Amino acid sequence: MTSNLIVYLIAIPLLSSAVLLLSGRKANKWGHLLGTLASASSFGVGAYLFTQMLAQPTEERAMTQKLFSWINVGSFNVDASLLLDQLSICFVLLITGVGTLIHIYSISYMSHDLDRRRFFAYLNLFIAAMLLLVLGDSYLNLYVGWEGVGLASYLLIGFWNQKPTYATAAKKAFVMNRVGDLGLSLAIMIAFASMGTVSFAGIEEAAPKASTTTLTAIGIMLLIAAAGKSAQFPLQAWLGDAMAGPTPVSALIHAATMVTAGVYLITRSNFIFDAAPTAQLLVVIVGAITLLFGAIVGTAKDDIKKALAASTMSQIGYMILAAGLGPVGYAFAIMHLLTHGFFKAGMFLGAGSVMHGMNDEVNMRKYGALRKFMPITFITFGLGYLAIIGVPPFAGFYSKDMIIETALNAGGIKGILLGSAALFGAGLTAFYMTRVMILTFTGTKRWDDEAHPHESPILMWLPMAILAIGSVLSGFLFTRGDALVHWLEPVVAPHEHGEHSELLPPIVVSGLALTIVLIGISIAVMMYVRRPVADVAPENVSALTKIVRQDLLQDVANEAIFMRPGQALTKSLVTIDEKVIDGAVHGVGAMAIGSGSELRKTQTGYVRSYSALILVGAAAIVLGIWVITQ
Amino acid sequence: MINYALDLGQTAKPEAVLFYILAPLAVAAAIGMLTVKKAVHSAILLAWVMVTLAIFYIAQDAAFLGIVQIVVYTGAVMMLFLFILMLVGVDSSESLTETIKGLRWIAITASVGFGGLLISLLGRATLGRSTAGLADANSNGNVEGLAQLIFSDYVWPFEVISALLITAAVGAMVLAHHERTVKRVTQREQSQARFRSGSLAAAAGLPGPGVFALHNAVDVPALLPDGSPAPSSISATLKARGDMLDSAQYQLDNNDNAAEDK
Amino acid sequence: MNSANYLYLSALLFTIGAVGVVIRRNAIVVFMCVELMLNAANLSFVTFSRINGNLDGQIVAFFTMVVAACEVVVGLAIIVTIYRSRRSASVDDANLLKR
Amino acid sequence: MIFNSPALSYSLLAPILIILAGALIGVLIEAFVGKARRPVVQLSVALGSLVLALVQVIRIRNLSSTTAAMGSVVIDGPGLLFQCAILIVAVISIFLIADQDNFTSSAAALPGSDEERQATQSGTVLTEIYPLTLFAVAGMLLFPIASDLITLFVALEVLSLPLYLMAGLSRHRRLASQEAALKYFLLGAFSSAFFLFGAAYLYGYAGTVSFAGIHAALVGGTGNDVILLLGIAFVAIGLLFKVGAVPFHAWSPDVYQGAPTPITGFMAAATKVAAFGAMLRLFYTVLAEAQWQWRPFFMVIAIITMIFGSLVAISQRDVKRMLAYSSIAHAGFLLTGVIALNKAGLEASIYYLFAYGVATVGAFGIVTLVRDSSGEVSDLNRWAGLGKRSPWVASAFAFFLLAFAGIPLTSGFIGKFAIFSAAYESGATAVVIVGVLSSVIAAFFYIRVIVLMFFTDATEDGTSVVIPSILTRLTILISLVITVALGVFPSPLLDFIKPLAIFIR
Amino acid sequence: MTALLPLIGAILLATLPKGAELRAKQLAFGATLVTAASAIAMAVQFQRDNTDLQFVEVRSWIPSFGINYAVGIDGIALVLILMSVILAPIVILAGWNEAQGGRWSVKTFYILILVLETMMIGVFSATDVFLFYVIFEAMLVPVYFLIGGYGTGERSAAAVKFLLYSLFGGLLMLASIIALYVMSGDQGGHTFDLAKLANLEMSSTTQNFLFLGFFIAFAIKAPLWPFHTWLPDAAQSATPGTSVLLLGVLDKVGTFGMIRYCLTLFPEASKTFTPVIIVLAVISIIYGAILAIGQKDLKRLIAFTSISHFGFITMGIFAMTSQSQSGATLYMFNHGFSTAALFIVGGWMIARRGSSTIADFGGLQRVTPVMAWCFFLAGMSSLALPGLSSFVSEFLVLVGTYTRYPVAAIIATVGIILAALYILIPVQRALHGPTTPGNENLADLNLREKFAIAPVLAAIIALGFYPAPLLNVINPAAVHVNSQLGFTDPVPTVEGK
């Protein structure tokens, strides 16, 4: 049985991670090799399974592997069981494939870091967790992977945690992810309470019978989860800071794989969203807002990684938008996810390469004219650039165009709004990505003399090149004969064509999109080629620019709404605990002591007052008798 | 008198007269006991109360007790009190101002309350029977009746009470008896010691009790009531030799000051 | 006259004795007040003896006298001891032990 | 007129007679035996008579349920149990009393005088303590079995007078000791007067002084209750004074503090047993039918006593005073046993009295050990760090305190449990709840002492624990063993008590 | 019975001469190991599906009150006993030197620990209410001396507060026990047998009052808001080992008592009070978490996290679904281990640094990577990271509670966000950032310490993935508890597979 192999997908990197972590410094020499090998073997297993799946007829492609009964209490039965179907294999290949490339890249990129072994251990851990996320056959299994990737992400963002800001960034990411996790766990609870099961298959079966309210509640909770993990509005703030991690991490986790888990979750839960229109509407709203938000933020970033991060956020907004459009959009969401995985990972690696050559400088205003020094990086980065802004025939064109088209066709005013947002986003994307290209590779050199820009070694540029090839070809491959759409059909509900009348014909949409992209590029060229670029960000800019530079005040808002009230609450509760609750306890004690020392004064030491006391006591008793014999 | 519920039957007229004369006197004496300054007076007043009670005992057919009350109580016990009073200082009088804050009020309130309620309660009480009288019980004589009881029914407490008497004796001895650890100094030895002490002043001995002298040397004249030295109180020889000390320094007010300075 | 009057007298004397214990400072006087209380109790016993028509009350009164005598011996011994140590018979001066 | 010669049933009275004989021999020894040999002889005589009396008590346990001495006493199960308890406590205490360091060498000498110094240096000891103790024990033995008011009153005085005397015989801080004697005596006499007055009313009500007669009158009474109630009230005041219940407690802290520590221990333990014995007999048998009148009063007194004792103990700075207030609180707990007025309450009270008595003697035994150059140190602050210097002594003391606090696995816990459950059974829920709450307060000050001994560092002045003499050691050890045994394995005693704990009227 | 083994060890220890510290430690460690082995052997013989009490032993103790030495265990008790006996040797090994700074000898420390262990086993296995109460109260004494004698800082004040607080609760319980005892006398003979007392007839008012007597005692012990204030002080002052036993084991007596006594003896009152208790539990969860965030002292912080965790346990118990009930028991076990890990590792950190203020640490990950990792893992367990054991229990409690009290569950779930904060903030301050002065030369874990912590962490991970061995033992007992009260799980609105 081939399904017995599924567990090895996860087990290999997990085991490798454990070995690397436990073996200590002894493993420093070969740790990175083991890590890469583990990832590659996992990819190998994945590829083999993929071929096996291809060999099966469509209906029999999905396979499950039950490992053991995990939690079994009353009617709450959860097996540790893995599900490999058409949707998860896409992710498996993306994760292990891109993952392996990034492992290879990291061997060189991290070669000077004393803790490279630990880095690889974390990467392996991440791969394992991410695979568990996409392979789990129930929400609870998914949850384990879900938090696992969060943990790996935390560890990797904080890899250089001796720098306090990095450590803070890691913490921020984890906490905001936990907000999302809250949604996921509530979704699971609601599902169990209403349907008595938490497995995908079980819920899919029960969903039609469940009330819309229940499903909407689950849907909203899942959306919160997705928003947390995928840095969607309003839980987007952590992603920019997450760039504190080493660049390969940004490429793998915060561009290609982990952040797209939200898209996976929504796609996987299609049976819930399809039956919960309100939740679906919320999904598209979140997607649309985020894609614009990310794009706008991206226009003002001088930090190359943050600019790419903003772009990631925006692109995932596209995916979420697509996933929110229902059965017509799931495949495109996944497609964009995959193509994005290639080009964004490639670009991040490119950015890493630039930083590698520039003494880890990240400020693009200190770059300029690097094309000559880093030709390979320039080319691979450029291919990714073309893909992301959606120039045909690069991968991004296919996937993004589909999403814009689907959005426009969503029907009515909703369609027009979503479509316009998507189109406007495309223009913005073109603008800021062009800006990145121009600032980094063209123009005049703005770097100091200490920097000696140079091309990266082969171990670094090879993965970049492979990813660049992916960014060029993948879109074409996926859309040829609607390959991906058909591949995914058994998982996401069948595609019902012609449900909505098309608002605009596809060719017009493509044209419109390209025009907007061109406008974006032109503005960028006008702003950054025609005019000299200052090596420090100009201060005399409009208020709007300032706001955009502050990420549209996301951190300010978070601070004002959550952090400060939270801190105030904490402080006041600490005080209340000490003063009021503990104070009451101590008060009782003090009262006892106080009344004790007051009563003690009756013991004056005078015999006569003692006899008076006896007399008073006797009088009181006589009084009592007097009263009761009345 | 107020018509109380407690009706125990009427007594003979003479007894009533006796009671109405003696009872107020007894109460007055008792109250007097609390208000006189001198302990001795208190003791005398208490003795009067006891005698009154003895009379009442006899009036109530308890002749033996009445006699015992006078002989033992008033005679022996009160004598003991008086002895001790002598020992402690028969003239010592006690200020009746209250020193413990609030005690007087508490005492008055409690006692008025206690006494008032007690009497009021007694007035409310009924026994459901009238006075039986002791004619039957005393038919063989009061003393015989008591003896019969003491030596039969109450022989055990009577025996035990001997323990009390022994305790009292042992106790008094423990507290008062001096175990001589060194031989007692005889008067002879004392006098020898005085003269051998080297100072003649010591030889004279201290003035006897009741003598208001501040100095007992032969060279100091006694003082007349106006404070001047009495010329006849000192030997002419000393006067002639000029060994006489100036008695002014022993003037009462000077001496007070000197004492304070010390 | 009603025999009950003896009881009222007894109660009155008892109360006076009790007050004396509270308000007098001289230990000997205090003790005499206790004696007054005992005497008051004895009066009650004798009166009740007559009322009840048996001699038990008189027996108790008799025992009380003996007991009182013993008590007086011990009590006065204690009072004298403390007087010798302190040169004072005031109960207020014995105030080392308090609180 | 025919004189019936009285039948006294001497074998039943033998325990008391043995003790009295011992006391008399003691007095004679004072007269005829040389000074040097007196302590040993006196101790042997005292111990011998106590043990003999104990043996006799146990021997006559099956002869119980009989009146003796012309109805003056009742020999029944509870009476014998009380006598047993008193005798055992006395045996334990006698070792402590035998440690003559605690008593003045010459009571007649002025405090601080040369005479006193010389007497002390010459090694004179006050052996009169032994006969006095035995007299007190005799009174105590008689107190709970007395069955008429005369015997009760006589017994009360027999037990009190020696105690008044002995309270004044401390070697150290003699002025305080004499003051304690004076206070104890004056207040004791005062309360005896109340007792006597109450007895007069009871006699007036019933026409007889015997308990059986009073009970009969109570059942078939003709008049109203006023005289009866006054009688009960005043007799109760006398008894409550002896046990130290609020508001008749005021003597106990002062006397406990001033008296020589062995006497304090003996007095605290044995007097309580005797007084509660008498109280239980009186209220369980004679006055049970009047419970609707007296129980409310007792509940109030019990509640006030428990709370007052516990609260005031908290702020004490002197270990003996603290134990005094603790004994006040315990008097409150024991009063719940009186209130219970059922067989369980009687059993529980007996158990409690015995357990408490033994632990008390042990605790005071330890107090005698903590001294500095000028004698016993009872200032709590100077007990700080005792656990470090003398862990065993401190641990033993801590254990006694835990027993007082009623921590499980000590005798105090079983006692508390038994007595509260009996009270609850009788419906006195409020008393039980107050009892439980004041136990918490009480625990507070016991624990404070433990903290002081174990967790506080010593002050610089040298308080030290003397090496206990073999006798003191015996006292503490016996108390400790009994306290542990009763806590862990109380069954034998409970089973022993159960069949015996039935009053006969 | 296994209970006697540590006691024998204690007696042996007591006979040791004064100076033999090492021997004392070895002996104590050996005794606890033997106990653990014997308990595990017992667990193997335990029949899982039998809901009756097993290993029952009844001996007459105080017949005149109907008191027996009666013991017997069900699945819940077994799990808790296992936890206790496994933690004991670990605590001794981990805190090999922690008795040194105490007021008394090392020997005394271990005697107290062993006596305590005896009582722990006893308290979980007692089936006689009186026996339970005796041990419940007597346990306070060794702990009191452990805190007061070997702790740090305001140790005596903390010890006194702990003792008085517990005594207060205990005595309230005593009042209830007395009432039960008296009632049993009225209804066919005095007894303290749990099963017989459970069948007493009483008015609902009586039941409510008696329930409160028990519940407040347990709520203080557990501790539940607002009876919690003794815990942070005690934990702050106690040695790490003592804290482990205190929070990990002793406080479980509170929650265990709720199951065994509150629910069994007073089913009706339990139902009456459930809403109130659920509210208190939820407050505890949130309140404990928020206060933990606000703490500056590492030990206090851990204490407050425990308050939050005990909120979960209590909520699980009173939600009375099979998931929540099993989850609550499992939670007790897991909390024992994760708190043990936190305190043990935290204790090492504090011992090395000489301060328990979080701000005094910094950058430990560079200096002492192994220790930092252990702390991190323990922290992750405390915040119930999926894949670790505490997740299973926490989720079971939540999901079980949700089916009956959705609002409570939803609010409680917010606790998981706060948990992230209260763990990650100290992790960041202590482990991350630059190595602050004073921390440069801290030593990493030695072999003994690694051996001590390894089983705890291994258990945390292993049981996270495979909790079945425990759940199989717990489930029948938990279902039994619920069914006694007449509770069955709410049925899902939609029947799905």
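Some observations on this one:
Residue numbering begins at 1 within each chain, and the chains themselves are lettered A, B, C, D and E in the order written.
Going forward, a residue touches a chain if its C-beta (ideal position, glycine included) is under 8 Å from a C-beta of that chain, and two chains touch if they have at least 3 such contacts.
As the structure is a computational prediction, the values presented were derived from the model and not from experiment.
The set of chains touching subunit A and also touching subunit D is given as B, C, E. Compared on C-beta pairs in contact, A-E and B-C come out with B-C as the pair having more.
Distance from per-chain Cα centroids to the pooled protein Cα centroid is smallest for E. The distance from the centre of subunit B to the centre of subunit D, with each centre set as the mean of the Cα atoms, comes to 34 Å. In whole angstrom, the spacing between the mean C-alpha positions of subunit A and subunit C is 96.
Rounded to whole angstrom units, the spacing between the C-alpha centres of subunit B and subunit E is 73. Between subunit C and subunit D, the centres computed from C-alpha atoms are 25 Å apart. Chain contacts: subunit C has residues 7, 14, 17-19, 21-25, 30-31, 47, 51-54, 56, 59, 63, 67, 70-71, 74, 77-79, 81, 91-92, 94-99 touching two or more partner chains.
In subunit D, the residues that touch at least two other chains are 107-108, 150, 154, 157, 161, 164-165, 168, 182-183, 186, 190, 194, 204, 224, 226, 230, 253-254, 444. In subunit E, 164 are the positions where the chain touches two or more neighbouring chains simultaneously. Applying the touch definition to all chain combinations yields A-B, A-C, A-D, A-E, B-C, B-D, C-D, D-E.
Across the interface of their complex, subunit B is touched by residues 604, 606, 608-609, 612, 615-616, 618-619, 622-623, 625-626, 629 of subunit A. On the subunit B side of its complex with subunit D, the touching residues are 118, 121-122, 124-129, 140, 144, 148, 151-157, 160-161, 163-164, 166-168, 170-171, 173-179, 181-182. Across the complex, subunit D is touched by residues 60-65, 103-104, 130, 133-138, 140-141, 144-145, 148-149, 155-156, 159-160, 163-164, 167-168, 171-172, 174-175, 178-179, 181-182, 185 of subunit E. Interface of subunit D with subunit E (complex): residues 347, 387-388, 391, 402, 405, 407-409, 413-414, 417-418, 420-421, 424-425, 432-433, 436-437, 439-440, 443-444, 447-448, 451, 454-456, 489-491, 494-495, 498.
Listing the residues of subunit C that touch subunit A in their complex gives 18-19, 21-25, 30, 91-92, 94-99.
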